[in-house]
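Read through the structure below, which is laid out as structure tokens, and then see the notes.
So that you can tell them apart, the chains are marked A, B, C and D in the order they are listed, and the count of residues begins at 1 in each.
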């Protein structure tokens, strides 16, 4: 039984705490949050301890691994502290909103980066993982075009969005990681932002966007985002190659279809929202983390994956604002020092 | 150019006349109906002649083939007259409502039966024809279960139904032929009639039914009928065997799907009604008839197929009324004399 | 926390034990099976006790409820013993293979029958439950036709089948319950059995069947069964009424579709087998049982539902063997005495 | 009966000639092509005349309308000659490969441009037309994102491609028109070309591309093109707005689905190629042209629509080559003089 702590008693912290508590190979030991009452609400039903002091997590030598679900600005310091205390880390995305800080973090943790996993949960979605597996087997030939449609059911409140780092760092970052997961390295980014929602425009952000990523292989990924979707959480992709294509579609609560006057085969709405849509993915993510840590292997996606997705988000932000494409220079990432790659127009 | 006449200037006669007129290998010469004005309305736009006397069709030696779309009670005498006049015949289903008269007809036309085709248009539906072809290639192994769902959009007026011979002779007869098309000979019939519509019950007919047919091979076909369907003309089947199954589904006007609040993937209604749903089938049926007649081959489905479907309709009528299964004794049909097969309980 | 015991350490016992152990409102206390080693294998990972003596379950006053997953022939005696010991019971289907024994059981437990739930798990499948809910709201009008397609991936070994009570008691019993769930009381049964598999024919059983059930309402349910299906566990139904229809379809592991040469939209196979297909249903079934027992309400489906499904299985067995329809006389079931309803032809 | 001539006896000329010949309101009078034998092959079966001299078409005062299906370089002069001869024109796309020549053509025909229709057949596809109609009714709210996936089954021979004007003028031009059809005016174009096929790269063209178009409304259209698709002719689009989305999908020959080991719901390949996929659209296009001309109304899409699609193709060509976005300055098109709009980076 691996002993784990969860830092952050918000919505995602609660998800992780419950997943750990239910996992046969893990034990939830401690939940830490400055809001002690929130920590208690999450810890108590699972028979775990709680604390208002994050330091308590790092000080406990019986805790092998930490799941970091705190606000983004605390991620880097908590990763570093956890790694220094000899613990494995599963950190929620994004690692940070500032690429330079992520590079510092990589430099600081050095070779210990292999014990840090970034929570790009969608890689563990059974559908997307199946597409990846089948693309890797060569079923469709070399990937040529990837189309990712990713729309939230509705925008978060402006109060949240204002500190979110913008649509590309907050929302598209998942799609950037998915594009890298399937396409590999990206050499060029072109982004078009849309201002259809005046409230979001007022805080200087986009509410929709289309991003085109050119891979080193010559393949192109297109990401289509919107902060709203009337049917629910719209999460699809299509991988296209010379031998065929693979599509992973939306999820509905059941397979029920209605036929009636003027309509046939009407299914229910898309699952709404990420906790429902990616419930299985969160469990599979934890499985992978526990299995890797337990066996001494490096879990994946890595801190470098977190860094790269953020670099794409920065490039897209620049592209959408300037109207110019951003070319990424090739980099060699090693886990002992930070990347020197820069986005340049 | 084969010269054809159409007998019967009702709805189905108009369909056939238009199909003949548009066919590159055929010429519509004459339309005959006691209602001369109706015949004229159909013939004139296609530059064909019209007549109130059916005899004129048989007397014209330049007419090679006749399409019989008159009321059912005239079918047998017109088949016989046409065949005696040396013409090929495409007759609408059912051949007659009375099995004995069909047997007399078979006895009368004798060896000339090979020039008579019965208009079971559904055999020419591209989807059903594809299922037949793929079953015949062995793609699903020996057919074991066949499920036919066949529902009209809405019941014909009681005035029509009262003379229709009942649901099994009027509506299910298409499904009986489809079952024979895929399953071969049937040895037992069990039918359950439903009386959900009091108006139809009042004229002694059923408005819905479930029929189970056991084939000589041991395969079983299930036919599910209703006189109404809110979504349109519901016409589906599934052929199931040890190696897989083939499903032919409903048709919609376009492939458009709607996603909105509470609903996803909503398609349009089923095509409504047979002229739309089976438009391609009617053209393919005519193609087959013209090609067979032109080359001296016997078109199919044959007069015996028409007889057999009617025998199943009679058996189903008995079964639904008595609550007993009806066993059909094996018969050998030859085209020179009528079948001696009888339905017995 | 409700304390539960599981009787029977076979495949289904293991499922129930795991579900109880994972349930936040329940505690797995004891697993009982004459095969003590099997009981231990299931109990130990969940920190529960195990025993070779079923009596130990009934003797433990701290155990509030018992899940009976033993071989069918022990169900009745264990239901009775558990009820007498004041415990609630969730018993796997079928209650027994012999209708008379079930009636005795009902007579014996009397008013305590309200504490016995029969494990017709499919009622808790989210898709089928949604169809039921929407039919009940009147969305399709009065149910007129119900079509259930239910095919196992492959036949159980002949050694199992020989003691299974035949296809109708062993396999179709789920579909009989589903038909009753949606259709209500059944007044007539007509069954056609198929002997396509000589090995199964040799033990006097059918390997496929089509059953038609006429409801008291005039609606008709059709059940299409096969002991094999190349694509997996084929579990579908369609409810049809005057205002529309609702279809609950098969489940695949993911939503991934493949398009390639000669093929489009190809999905994966159906989930195979019941543990995968009905995983969610088993959890929802347990939820319902615990919630009902916890609140003092009677869980459902009831012992009478178990009795009725078995009565339909008996009627179908008679019908398939004799070729005659079996009419069921209406009965009034109360929970204090057994039904007097008999199947008669 | 409107009397028509067809200029150009190639593949598309044959399609139009057959459509005219079969149309109840039209008569095919003359087919003109410098290759007289080719003209004869098309004209003769329909009982029409043929000629090697295009002048003969313009000289015949009984001919009311001309369908121009000649090689692209002859389009402009034939449009002008036909219009001067008082005839209506349906010209295949593109109007010309050179935007300046199209502007000259517009200037020359002046007010007579209302008698010229450009053959963007896809606007008449029932699915795409239905999406347009439903978007116009406001069913999904204001269009926000449009995704067009358009892939040919396989690349035309390099010999054809070398003179085609490049992928954007030859292939994407249809998608540019479709984007304008649904989105209205476009203000900015960003295109990424792909060089996955060395043979096509060798002639300086792209074999795949992703184009992003920003509409004056703030909506964004994404076009995803490839010169090959293993499954057939891949022709889909999705219109997305705040109230929902509408998807028009691919076409298969039948609705048949196969279920077997490891696969379910497998449909046939996409219809291949444009003559099959857009057969209904070609007929509807002709209907519209004949109805408009017959009633004195201006058919649509217009010569200006042809000009605008070409302007987008030019802008995309520049964007893909330079890596820069191309901004289109707003223009006011009137039918009496050519547009002054220019593409500028």
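FYI, a residue touches a chain if its C-beta (ideal position, glycine included) is under 8 Å from a C-beta of that chain, and two chains touch if they have at least 3 such contacts.
Going by UniProt, the chains are A, B, C, D = Myo-inositol 2-dehydrogenase.
Because the structure is a prediction, the values reported are computed rather than measured.
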Comparing centres built from CA atoms, which chain ends up most distant from subunit D (Myo-inositol 2-dehydrogenase)?
C
Contact-richer chain pair [B-D vs C-D]:
B-D
So what's the Cα centroid distance for subunit C (Myo-inositol 2-dehydrogenase) and subunit D (Myo-inositol 2-dehydrogenase), whole Å?
59
Cα-centroid distance, subunit B (Myo-inositol 2-dehydrogenase) relative to subunit D (Myo-inositol 2-dehydrogenase), in whole angstrom
41
Going through subunit B (Myo-inositol 2-dehydrogenase) residue by residue, note those that touch at least 2 other chains and give them in order.
230-231, 243-245, 250, 259-261
Given the complex with subunit B (Myo-inositol 2-dehydrogenase), which residues does subunit C (Myo-inositol 2-dehydrogenase) contribute to the contact?
142, 144-145, 147, 149, 151, 188, 190, 192, 194-196, 208, 210, 212, 214, 218-220, 222, 224, 226, 228-231, 240, 242-245, 323-325
Which part of subunit D (Myo-inositol 2-dehydrogenase) faces subunit B (Myo-inositol 2-dehydrogenase) closely enough to touch in the complex?
22, 24, 45, 126-127, 130-131, 134, 139-140, 243-251, 253-261
Please name which positions on subunit B (Myo-inositol 2-dehydrogenase) make contact with subunit A (Myo-inositol 2-dehydrogenase) in the complex.
230-232, 250, 252, 259-270
